[in-house]
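The structure that follows is given in the form of structure tokens.
As written, the chains take the letters A, B, C and D, and residue 1 is the first residue of each chain.
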């Protein structure tokens, strides 16, 4: 059926939601202790590794949307799993339609965990636009916790063992971040739509974060009383949350469509990816800020959860091209398209 | 007393408010009939012409704020008088501190009505920035209803009889607008702060328009019932009006301060004028749009009054440098000031 | 999830496109016309739709329609909107009256009204809103009193599109003043003899809406639809069709609004200003989200679901993007948009002013947010 | 209307400036310090203010103050803020407790407390808010029960700045559970022996606020301020002083927030981007409006008026401009602000996070808008 989730996609969402609901590790744990793999990390990497992987890369014909549905479900609960990063790395590597050799089996079955490196220090966009390649990357998630790095550069993509890695202090400690220095790659493959595919994984997680923040805010609005009423009955509280719902729905629809456009090689795939990432980052930051506001004083304390959503939202908005860059690219491409249209 | 209106300023506001309240002509009249001078036009031009005129230009030491208080009161009721335009023209001419000869007595006592010409077609800012002078001006209010034009150009200011005048179709028919062509001036005087002074007259009228739109919206919110309650008791209706109040107060405070800064030759006068005009235009358009929204379906009909505020707001926002230009100049000057500060 | 036309959808889209290209050959750009000229072309267009057998596209075959689904209607509306086709003058008949009568009418009522709608001989308008009941529709006060063989109706209606062309009205009136407000309402298929219709001039000068005054208007029992006192239920059906049809081509208008502001900026040499570029980026996100959200809504409906409260998010997004794009176009204009005799300025201002109504008509922005708050977020009722 | 300092104001400003320049000579930039270091300097700074005879600047001479007016206090606070001076650690004592005790206290209470505040030996905190009563302060539930010679108090307070340093608390408790909610409250000058104080960690890692738990805390009758059951009236006095003192230097923080984001953009080479320029234009308008509005408010107060509801507009503007400037600074950061070990990144993120509280503390954004709606626009109460 057109523009509806397939039964398989609904099953994926349910399965991942169950895994996430049963997870005892949380994003909060990393505020006080070093990041540790949550219990669902293994099952996710092992059982869901083929989601979104094209057949040309060793997949079984799963669509990119299948993967995004899983990642979105994880984002809602801020599950501190390496799976989204690993999946983005895999997507980064399999963007070339003409690819003929599959990805290594140990990557696809999650025995070898990868992480993506697509951001160059001091530039807001994707690393494939920075030439010559400075061979440094930043904002690399779970670098110390991965077995290899999928790197994007102007020449293409490759799997690397970084020559050097510097742990950075991440605003969201449940997503450790690092700077990497790289050796010149011996062999690269064409990136194709790799950066687009990897970026949509981030967008999907952002949509999940936005939804999680909205759910938490709505729960607070339904229960907290002031002036003898639950605060959600005040339109001054309710309407901004309705705006968050609208922004999040827009972002998720854009993300799903962009994934379809990329998977199907549509000519508008590029602008759709930029629009999705821009909208998802904005929706997540907005929802998290509103979640803080709805919680009142408690919202600005460490012991309440809203800030956890804010941390994740900022980290993801910054990664795989910053939100502000994606927004501007969206505008540039839209204007460029009209310039070529007869007036 | 510091930062408070003087008793004289309160009296001016009261007197003009009374004149405006007793006026039977309205901005609405011009929707169906050609503009005609309202009854208060004569008294305003005759009795209030010295407001804001420096002694060097023949005034009696009245401050610019005195004038703005009068104009703001007219803006609230959209009084279709030539007074604000005439006053802006006078201000345009008396911006040079070193001026020694007074303005003609017939101008100061309102027997000769002037109108200001400070906008050049196709450029968003003041005419003094366009060199060489194309000797055309646009958005000139009441050109056919005035006895002369006060022109701003890169060389200075002068009083002209336009060589040609083309009536334009004004979005606000109660403010007729025209394009003018000019002969090269025989004699100009330095503009000094003329453009700034004239622009603040427009900003003050915009603040009045914003206040009038807010007053009308609040009245509707206090009386219209839906779901068994007056709609102003819904925060979804009330809060945007509170935002309009905040924006209008900001604009008015900026306008008053800018007038003081200009009158007193303060180094920050330039940025303050740009900030005031930008904020006043934004506040007026926002208040008028909200006024329409609060009126629901009636708000989009000709027979209700909200659109009259919208028309005036747009026309004034466009004049004496467009709102968007003033906002950008504000930003440019702010950034420029910080560049020269030791980091 | 798949956003493509199926093979048969694509074939239908091509069929529609060919027909439209031909049928629109002599139709001028509507944006540049006066209102009376636009109304002329709307009538012509309605006749062509009827003649081409498009009027009952998604009506059941048994009722003279072509039995196609909402997606087909969406494809038709999209393709028409993309080409700037006129609005058909009997949209209320085709999209609201027909389907509501099919859902709730007696055989006799169906036989009496449906053919005229399909032939384009019976024009309809919708008499729901009243001066005192805007968002709070169920508080309507137009009163129907029992008389021999029917009802005598008194009251006033407002925001009635096309009343001056219609001969029949989907009329809600209160038949039981003592019942709870949702229970005492009856739905009539009222003949409009005796209605006084007065055009309402909008702020952009158009008169697309009317007021209607009913002064002892007689409506026979045969024109009660769905039973006395069941009017609210029947009205909800009509409102659902209204929301559904609204979503079919809203996105086209949003895209066109963005196209226009970009084209203007390009023509004015302002399109490389980064502040403008960022704004276009945001507008593009919202406009595309309306398009994609509409597709998803249609998909859910087609899969047997009922369009959920997320429709309110689409409406809200749509209104926002059109308002913002149209305001920006006015402000980018050479004279800040206020010299209406400037090149294209009057049309830009007309669109900006028309768009102010988008957060009011079809459920105000405040109502949309209330729906999202109550039905998506499960917050308590705030009104 | 005149925005200039008078001759005597200017002389005072110069006197203040000279003293501050000297007194701040060894004080490091507070923005770069850890919280414990900031607290150390706050204490040092409080001592210097007391030693310099600034603590009672606007207190009446009869009570040991210097008898100057609110403008003098504003000048002092502005000049201190412009120089980045530390917050004095007993602000609650100087700005709230002292003035409230002067307004409502007995001679004995004044003699007992005022000298210690002026000397800097008696630190105060404000025990108004409770976990269950945020915006709805009058719904407080901390209960005071009559016992021999005083009251036994049980309950919990929250958002108490500086409770861990204070020995006395401006405490509101309910002494009559049966009275209407505004009537049954009493205001105590409570000794803090027996209070359990727990720091609340904020999202930026600071612990400037505390929770306080009162478990059978005894407060003698001598510490009732303004009479049993009159607590709400007395509290309104304190809240008015709080709003008044808030407005004295808010604008400095707004300007500094804009300065910082502009400096960052200049350093990063982003300051010529027109989207950034436009944003700075808007921030500048709002920040200056806060400054000018504060001056007008002070002017009105000095002229004998009472600060009106427009104060809420200032608060709202201020919170918005600081939040927006601080968010933008984070987003302009090299790595979108999320690498906290980057140059200056931690401080920028700390400020962004701290600013999220600006729409909550001192009356939420929602409360400010309600006040504007009710008291400026005369709309009916919506809460």
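What we mean here is this: contacts are C-beta pairs under 8 Å (C-beta built on N, C-alpha and C of every residue); 3 or more make two chains touch, one makes a residue touch a chain.
On a predicted model such as this, the values are computed, not experimentally measured, just so you know.
Undergrad: Just to be sure I understand the contacts, which chains border both chain D and chain A?
TA: B, C
Undergrad: If you average the CA coordinates per chain, which chain's centre is most distant from that of chain A?
TA: Between chain A and the rest, the longest centre separation is with B.
Undergrad: Report, in whole Å, the distance between the mean C-alpha point of chain A and the mean C-alpha point of chain C.
TA: Spacing between the chain centres: roughly 38 Å.
Undergrad: Per the centroid of Cα atoms for each chain, what is the distance between chain C and chain D, given in Å?
TA: Measuring from centre to centre gives 53 Å for this pair.
Undergrad: Go ahead and note the Å separation of the Cα centroids belonging to chain A and chain B.
TA: Inter-chain centre distance comes to 50 Å.
Undergrad: So which stretches of chain B touch two or more other chains?
TA: 229, 234-239, 324, in rising order.
Undergrad: Of all residues in chain C, which are in touch with two or more distinct other chains?
TA: 274, 277-278, 366, 369-370, 382-383
Undergrad: Would you tell me which residues of chain A are touching chain D in their complex?
TA: Touching chain D from chain A are residues 119, 121-122, 138-139, 168-172, 177, 225-229, 234-237, 289, 292-293, 296-297, 299-303, 307, 310, 314-315, 317-319, 322-324.
Undergrad: Provide the residue numbers of chain C that touch chain B in the complex, in ascending order.
TA: Residues 129, 132-136, 139, 158-159, 200-203, 205, 209, 330-331, 334-342, 346, 349, 353, 356-357, 359-361, 364-366, 369-370, 382-383 of chain C touch chain B in their complex.
Undergrad: Would you pull the chain D residues touching chain B in the complex into a rising list?
TA: For this pair, the touching residues of chain D are 1-6, 9, 71, 258-259, 262-263, 265-267, 271, 274, 276-282, 284-286, 288-289, 292-293, 295-296, 298-300, 302-303, 310, 313, 316-317, 366, 368-370, 372-373, 376-383.
Undergrad: Quick one: which bits of chain D touch chain C in the complex? Just the residue numbers, please.
TA: The touching residues are 273-275, 277-278.
Undergrad: Would you pull the chain A residues touching chain C in the complex into a rising list?
TA: Within the complex, chain A touches chain C at residues 1-6, 9, 63, 65, 214, 218, 221-222, 229-230, 232-235, 238-239, 241-243, 245-246, 249-251, 253-254, 256-257, 260-261, 264, 271-272, 274-275, 278-279, 324, 326-332, 334-335, 338-339, 341, 343.
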